[in-house]
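You will see subunit A twice below: alongside subunit B first, and alongside subunit C after that.
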Partner chain A sequence: MASVILSHVEKIYDNGFHAVHDFTLEVQDGEFMVFVGPSGCGKSTTMRMIAGLESISSGTIQIGDRIVNRIPPKDRNVAMVFQDYALYPHMTVRENMSLSLKLRKVPKQEIEKRVLHAAKVLDIDHVLDRKPKELSGGQRQRVAVGRAIVRTPDVFMFDEPLSNLDPKLRTTMRVELKKLHLTLKTTMIYVTHDQLEAMTLADRIVVMNQGRIQQVGTPLEVYSKPANKFVAGFIGTPPMNFFSCEVIRENGTVHLKSDGFDFHVNRDHPLYQKLQERGISASSGWTLGIRPEHMELARGKAGENQIQAIVEVMEPMAPEVFVHLTSESGEFVLRDDGLLKPVIRPGQKVKVNVDMDNIHLFDEEGIAL
Partner chain B sequence: MMRLQMKKGMLYAALIAFALFSLMPLFFMVLTAMKQEGMAMKMQFIPDGPLETLYTFKNFTEVLFNKDFPFFKFFLNSVIVAGLTALLSTFICLLAGYAFARKNFPLKNFLFSILLSAMMVPGMIFMVPQFAIITNFGWMDTLAALVIPHTANIFGVFLLRQSIEKIPNSLFEAAEVDGAGDWQLMRYVVIPLVSPILLTLILLTFLGQWSNFLWQLIVNTPSSDWLTLPVGLALFKGQYSIAWEKMMAAACYSVFPVVILFIFLQKYIISGLTQGGVKE
Partner chain C sequence: MKRETLSAYSYLLPFLTVFGIFLAFPVVYSIWISLHKVTLTTNLYHVFSDMKFAGLANYKEIWNNVEFWWSLIVTILYMILTIPTGIFLSMILAVLLNQKIKWASFFQSAYFLPNILDMLVIGLIWKFMYSPDGLFDTFFMKIGIDFFHETGFLGNPWTALPAIAMAMVLKGAGFGMVLFLTALKNISPNIFEAADLDGLTWWQKFRYIQAPLLKPIVLFLAITGTMACLNAFTEFYIMTEGRPISTFLGETVGVTKITGYYLFEKFTQIKYGYAAAMSYFLFVFALIISYINYRWLREKG
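Let's turn to the complex of A and B:
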């Protein structure tokens, strides 16, 4: 077990493409860290740099007490599970799992013991003599994990290991991986583009975009306090609703105004304080962010902070319903508890209440206030 | 249905005709080997009298136990030369193919293009300079002269580079993370996955060298200890006559190892030669 420290790591390819910018992060010993972001954001490149499969252009990578910049992958004592599993097709499951130990000259009896133990933990002990082509997708994935856990590496790395599985199996394997982490208590770095996977597995999440870290935090932190508009839009399903607005501070109230709404933020609201600290009294170019679950159908109740909208589509997700609406300020989605009483229909005009305690405001650069 | 069967029947008939046609040289070789002395060049296949007047098996025994024609020595020399060349050449091709497929070094593609362009030049052109080099090295009548010039096989390098490049990168990376260095990558990943190509290459090189006559003739003087079977067979060619029957009997024996090798390796050769030709 070991911590992983990346300091000002950069990756620039020979063709000039700058894949990773000034990446600084400390993964604690035993932590489950998830790198999440859209395709091409540099998350896999960063992981591959930690594994030694990709050289770094500048900065340092430290695993445990060692700076590993110039240490080849075989000597970094890391284990990796690949997206396509990368099982050796000509070897049996047993041979696949034991190769790393064989290469490290572990005695045969010890290899057999460890392989059997790992196979039992992963429930693949009945397929040890089969070749990868004779296994199902889920079994192959387990073998790939098994190949990693037979060793006792300092760090486990997973490069989108569940992306080739069907949704049901993915959910099962997610739980298995979480359990595995609780059992092994080893540092794990996991790459995914699926924010749901990131939220459910991680102790902490690194959200990346265009080769840069956007935010590092616990799943709850990145969800409830997104550092910028990108994180706010990337984390959460359905994503956060965004409305362009202007900010006007007068008579002890802040007005967040757009064509379709005029929300009031009182003096005791944290946003009011922050706007006051910045000395902003009137300015445009702001973005208001509201999560779908922080909006609700007014159901006849009159309220202060409401948007008028027309129901477009309803997506029953059982037990909840995603209601897609359109308003003068743009389209948005709200998340209803599923009762939808009174019943609404597409085309119907409705009023939507906004939970002002859970709104987010982003400046022109997209940085959260 | 009837039409389909007829079509199939015609196809089989054509294939059988082609097969028989290709077997003709082999058939004549066996038939000539069994003919009485002096009868080889006569286009007579049915004897006028008893069978023994035209056919005999004695050529097969005379070839094996003839003091002027040390068949076993020639045979062994051929096995050593062809076997050693095949193994050495394939090993070198494997290393070169691996380097070209997996390593980054300056002028890699340029060097590879130069190698490929050498394939366009007829091999005969190299024969004189190669002979001069062998003579300068003092390698005449040695095993080195027979083997070393043929260990460079550009086609083999090309074939192996292509095959190694087709191995998914993640397999190499997985093995590297597992703790494998270059030699272990070669042993645990590359060799098992390109084994059909390796076996094909071994067999093709073996066949090429087994039947190589010209080079083996020019680097061996008649008194050489390394005369091979093809060169030895030429000994039946005298100044005034050619002992066709004995030559063909010896040729019959020379075909055996090739046939045996082919039978055992056929499965791999077919998969090696068709690799990449079909979508998997």
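Let's turn to the complex of A and C:
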């Protein structure tokens, strides 16, 4: 077990592509850290640098109390699970799991004990003498995890391990990985592009984009206090709705104004205070972000902080419904609890209430206020 | 017979006709020939219809003929010289070209190119290079070795067979290389990274990951190589015509008179029965060797 400390790590490829910029992060001992971001954001590269499969252009990586920049992968005592499992095709499950121990000259009985134990934990003890091609996708994944476990590494790394599984199995394996982490209590670094996996598995999430860290925080933090527009849009399904608006402060109220709405932010709202601190009284180029779950169809008469819209499409997800709407300020989605009474229809004009306690405001650079 | 079966056979008919005339019939007919002999009284204008029945005499003659056994020894030597080296060389080329190197696809095409050239052309080119004052001799003379100057490489009993073998190994390596490369490219790069983390050395990666995958190709190349050696003719025809001469068990023999060439020679001497019997002999031999190859490589897996 060990912590992983990256400081000012950069990755520039030979062809000049700058894959990772100034990556500084401390993964605590025993923490489940998830790197999430769109493809090409540098998350896999960062993990591969920690594993030693990719060289580091500058900065340092420390595992435990060792700086590992120049230590080859096999001596870093890290184990990795790959998206395509990367099992040795001509070896049985048992051989796959025991090879690394054999090469490290671990006594035979000890190898046998560890392999059996891992196989039991992962429920693959009945396929130990089969070859990978005779196994199902889920079983192969377990073998890949098993091969990592038997080594008792300081750090586990997972590179999109569930992407090749079908959705149902993915959910099951997700839970099992989480259980595994609770049992092993080993530091885990997990790379995924699936924000749902990130939210459900992580102790902390690192959101990355274009080679830079956008935000580091617990799942709840990145969800409820996104640092910028990218994080806000990336975390959460359906993604946060964005409306461009202008900010006008007068008579103790801030107006967030656009063609389709005029929302009022009162003096006791945190946003009001922040705008006041910045001395902003009237400016344009702002982006208002509201999550679909913080909007609801207004039943009954008109009120404050509403937006008028036309229903376009409904996606019943059971129990909830995603309602896609279009307004003068652009298209947006809201998440309804599914008890649509009276039932709405596409084409219908509706009023939508906004939960003003859960709105986000981003400046021209996309930084959250 | 069902309609479907009938139509299936009708689709097969064109192939079956060609197969019957050009393959099945000659195979059966040559058994008949192998049991007959051309004699002094045979009408040479109707040789095949006027051969005399000889029973197993042709087979007996082959069995007792030192020249035949010598040709078989030459063939086996030729196999030993070409097959393992050919497989080894093509595997090395494939492993090297599977690395991330510049110009990889250029080298790939360049090594494969000799395969599409005619054997006659290749043989002729090498013959020039091996001849006295040819490319190799000129080089050796420059560094003060005149051993090959008098006869050239192909005229010396010790170097003739290895020289042909080298030419053929270099010609064939590109073909094996393509097969090996295809197999290697099918291995996910992640497996090698997993191996890096597991601590496998370069050799262990080859041994545990690549080699098992290459085994079927080794088997394939070993069997096709055996066949090629038993059928080898063109390269000997163009390069040495069975020469140079040496002696074996008191008989004068051609150092490079491989079975394929010996067979051809008997045929040109209108000993059709003998030649046909010999090809059956070689057929049995080929079956045995292929079976041994197959079993040997299977068991090791």
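Here is the rule we go by: the second predicted complex is superposed on the first by the 368 of 369 C-alpha atoms of A that agree within 3 Å, B and C clash if a C-alpha of one lies under 4 Å from a C-alpha of the other, contacts with A are read in each partner's own complex, and residues count from 1 in each chain.
Following the convention adopted for this analysis, a contact is a pair of C-beta atoms (placed from the backbone, for glycine too) under 8 Å apart; a residue touches a chain by one contact, two chains touch by 3 or more.
Remember, it's a predicted structure, so these values are computed and weren't measured experimentally.
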item	value
Subunit C versus subunit B on the shared subunit A, clash or fit after superposition	clash
First (subunit B), second (subunit C), both or neither touched by A:A51	both
Subunit B versus subunit C as contact partner of A:K74, first or second or both or neither	both
Partner chain(s) touched by A:Y88 [first = subunit B, second = subunit C, both, neither]	both
Subunit B versus subunit C as contact partner of A:Y13, first or second or both or neither	neither
Which of subunit B and subunit C A:R104 touches, first, second, both or neither	both
Doubly contacted residues of subunit A, that is, touched by subunit B and again by subunit C	51-53, 72-74, 78-80, 82-84, 86-91, 99-100, 103-104, 147
Complex contact set, residues of subunit A against subunit C	48, 51-53, 72-75, 78-80, 82-84, 86-91, 99-100, 103-104, 147, 151
Residues on subunit B engaged by subunit A in the complex (per definition of touch)	168, 170-171, 173-181, 184, 188-189, 192-193
Subunit A-touching residues of subunit C, taken from the complex the two chains share	187-188, 190-191, 193-200, 204, 208-209, 212-213
Sites on subunit A touched by subunit B in the complex	51-53, 72-74, 76, 78-80, 82-84, 86-91, 99-100, 103-104, 147
